[in-house]
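Think of it as A, B, C and D in the order they're written, each chain with its own count starting at 1.
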Amino acid sequence: MAMKKFINDPDNLVSELLEGYALLHAGKIRVTGSGMVVRAKPKDEGKVGVVTLGGSGHEPALSGFVGEGMLDISVAGEIFAAPGAPACLEALKAAERGAGVLFVVLNHPGDVLAANLTMEMAEKEGLNVKQLLTHEDIAGGPRSEPEQRRGLVGCIPLYKLVGAAAEAGRSLDEVLAIGDAYERNMATLAVAVTSATHPATGEAMFELADDEMEIGMGQHGEAGTGCTKLKSADETAETMLEMLLKDLNVQSGDQLLVMINGSGATTLMELFIIFRRVHQVLTEKGVKVACSRVAEDLTVQEMAGFQMHIGRLTDEMVDLWNAPCDTPFMTVR
Amino acid sequence: MAMKKFINDPDNLVSELLEGYALLHAGKIRVTGSGMVVRAKPKDEGKVGVVTLGGSGHEPALSGFVGEGMLDISVAGEIFAAPGAPACLEALKAAERGAGVLFVVLNHPGDVLAANLTMEMAEKEGLNVKQLLTHEDIAGGPRSEPEQRRGLVGCIPLYKLVGAAAEAGRSLDEVLAIGDAYERNMATLAVAVTSATHPATGEAMFELADDEMEIGMGQHGEAGTGCTKLKSADETAETMLEMLLKDLNVQSGDQLLVMINGSGATTLMELFIIFRRVHQVLTEKGVKVACSRVAEDLTVQEMAGFQMHIGRLTDEMVDLWNAPCDTPFMTVR
Amino acid sequence: MAETIGYDEMVRMLRGAAEKVTTQHEMLSKLDAAIGDGDHGTAMRRAMVCLVKAVADNRSRDLASVLNDVGWAILSAGGGSTGPLFGTFFMGMGEAAAERATLDAAALAEAFEAALAAVRKQTKAEPGDKTMIDALVPAVEGLRAAVEEGLDPAEALERAADAAQQGAASTKDMLARFGKAKNLGRRTLGTPDPGATSVSLIFRGFADGLAAGGT
Amino acid sequence: MAETIGYDEMVRMLRGAAEKVTTQHEMLSKLDAAIGDGDHGTAMRRAMVCLVKAVADNRSRDLASVLNDVGWAILSAGGGSTGPLFGTFFMGMGEAAAERATLDAAALAEAFEAALAAVRKQTKAEPGDKTMIDALVPAVEGLRAAVEEGLDPAEALERAADAAQQGAASTKDMLARFGKAKNLGRRTLGTPDPGATSVSLIFRGFADGLAAGGT
């Protein structure tokens, strides 16, 4: 079967998609030769820069959130593959506005390897950079083994919080502290019901029986906690939410950010229905949904499924979430 | 094969999705018992109201654009089915702020039937309402037979233009004139490569061979101009753009709005690649891409494919497109 | 007993129609799946739920009032092409029945003619276009002819139901020129039109409901 | 002729590695498809294109310089786990070769040991974890042993290639504990590790490239 995707030469996938993205959002971002997606209008001098890196094929993904109030630079890699350390180093230098740079890295093997090398180089060059690793996938392992947990869609609210803090002129240590606090207070779980096609190889990324779903699925089709029979929207929402609440030890009176992130082919219709149930259950438990987002932010090609993300918020974090920002895929007035 | 969708009782699909949507965007919209999606903060007195109607299952679709600077009310129907005339009449009354109401209707049989009935009732009640029908699907028939042409994603930029004009305090006749001018200067064409599952019946909506695509596909899986072999992104973009430019008789020196609207399972990665080619070809032809949008605005469940939309813009329309707005799925600062 | 149609008789007719359509909704969706979008049965089932509820809620004992409520309820349910057309049908009947306590055979024919006229105001579809019009027109004409022959309402409704059934069957060999089926062109040959089939079920339900007797 | 490795010999080794890997990239992707995400061949092909370009662009005739450029080019290509690890490998070699015009057998062993150390600084993977380490460690140890036995660089590289090949083969029965394969658990049994297979191809390419002679 021919791959049913609108692409040209698979070798040019990333350069072509970045070219289209740059033409589309010329007012907000530009793309450099080395695959950096950069704010069209650089941040003011004296403010902390925020940089991230990640593979392509998850659009809009990280690069969708470059702009005022969120990221300064996102370094895009090939399909599902981290970019190289040299480009990341270049990004750290470019994002330096005299107040240091926060480097946010999602816990995936290739990303971490590239980031560690980048940090070594940055240290050698005497750059003022702090690294923040996100690892919130509760399917990877217990909270006591963070290195087993993958970085999922929690990076997006994290970018929003640290981006708003940086834009507000906070110091690198303060920005890092806010990001770190959110990182330690978030949890994400993914479910998949159909596979996706790897756009470069044309192959299915994994297999799932016609009546099964897999909870704990990773961001590239990596296996999760095992297959179960398909469940209704409400049952799926309840099961996943229960696991997240337990992991994060959420208590009545807490306030949460809730995100339902579609992975590709699952419709907004379904995501709204899931969100509805999550909101109902949390309200019943006396937990406040202070902030929320339902969107396709971090996709896995046309995989059907979603990520459910929760994060415990301080009042300060609520304000940072609501602060204005202007990026291609999130604008707050 | 079980339907791989996260839903509960299919009879409650629409009420549940609207419930979730209302909880999610409580700051911007609210949902009434009769299925109206209404601005949370009503428009100022003395300004023209803008109302539309349409079936559900296309999320975010019309209801995604209710808010300041776009729609005042969207009346949501059942899955792929227009809402009833009584709810539409209620919406027209609710949107009246003393300056009349523009009622935007997409050319689909059920929508038109409901709208005509609504207009009869509105007339009887002496309401100040003008109807604007959108029909821009060039696959339906020639430009000389507008009634053969379906209403597709062109409604979204049209809402933006009339919404901005209404917000600016223009009269009903002026707002109608702007909408009418855009309606007569727009053209859309859809392509599908995979079918979707009807969420209420669980059945595939149509069939397509493994190596085929259908250009001219409608908004509910209605057949188009016939199947052709799959083509590359660039070839597909060129073929469709050529048809649109010819239909609209676009000339060097014209300025266009270009929209690439994903229908569900087609990734943003692909849509960016398609947009890139469209932008390249237009630039070569001396046509300016003055405004653009790549998004999933009007979906057909998890159908893979997209709609390509172009509209010829006056300078005034460019300003209206860029005017601030604040809706769940389009925010301009 | 069936010389005239009063409030109770009309309620029996309406409930009869609802029962007939409701038990056949899957068949209706299957027809629509073949030449439309597969939702006609769902839409009709919803419409009939609204009809039954409107009848139950209506305490007026007034013919026009119950027909109007039923029409409005079906309109309110939305539902693609079905809602507006069937809703208009019942509202047209209601308007014709205004101020009447009962309908004799001639008045019943007039009411159905008014209903048909109301529907035809909403659509340009003509007989032969493969729509519900292909069952509605013969049903109403058949009823009128039966009344002219002097048959009573019960007998006339049986004739109308037969004519509707034939009309619906005749759509099988027609090419759809309206609605979602239109886009399928020649692929619509061989399947009867779902909307026309609904009309035939409704008239059969009217006749059965009335015949069933009761209060 | 192969008593020492100068600039030209190193270039032959590098090109030999690129050729070997490039012709086998589909096989590498297939291995990765079985126990990872199917892109290892693509990543290695990209890395080798960068390697060949870096070699062609480097006019220094300086050993360390060409190795450094190759390492940096592979790092720059990104490419999941492959880029950082193989890039570091060549940069580690380059650092060890600094200030040397040629490498004799002992110096070659030292350079490879430095390369291995640089890689091991980046990853906690140990032999037995089913990663490229399972081929790298025996390759470098085999080379060192051959040098201790007094073999010349060409012969030592042949030994290293044999050891790498065995190491790669041995990963077949291992359970992956690193990288994307880790999540597949027992499903990784029966397939050799793609990264280890690449290492084996690279060492075979070094040996073949050097043996091929030339300038």
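Some points to look at:
Criterion: a contact is a pair of C-beta atoms (placed from the backbone, for glycine too) under 8 Å apart; a residue touches a chain by one contact, two chains touch by 3 or more.
Small disclaimer: the values here were computed from a predicted structure and weren't measured.
For the pair chain A and chain B, there is no chain touching both partners. Distance from the centre of chain D peaks at C, each centre being the average of the chain's Cα atoms. Centre-to-centre separation of chain A and chain C, using mean CA positions: 55 Å. Once the centre of each chain is set as its mean CA position, chain B and chain C turn out to be 33 Å apart.
Chain C and chain D have CA centres that are 79 Å apart.
Taken as a contact graph, the chains are arranged in an open line, each linked only to its neighbours along the path. Contacts between chains, counted with the stated touch criterion, involve the pairs A-B, A-D, B-C. Across the interface of their complex, chain A is touched by residues 1-2, 4-8, 13, 16-21, 23-24, 56-57, 59-60, 193-194, 199, 210-211, 213, 230, 232-234, 236-237, 264-277, 279, 289, 292-294, 296, 299, 301-302, 304, 306, 324, 326, 331-333 of chain B. Residues of chain D touching chain A in their complex: 29, 33, 37-39, 42-43, 46, 72, 75-85, 87-88, 122-123, 178-180, 183-185, 187.
By the touch rule above, chain B contacts chain C in their complex via residues 34-35, 55, 77-87, 109-110, 113-114, 116-117, 198, 200-201, 203, 205, 218, 220-224.
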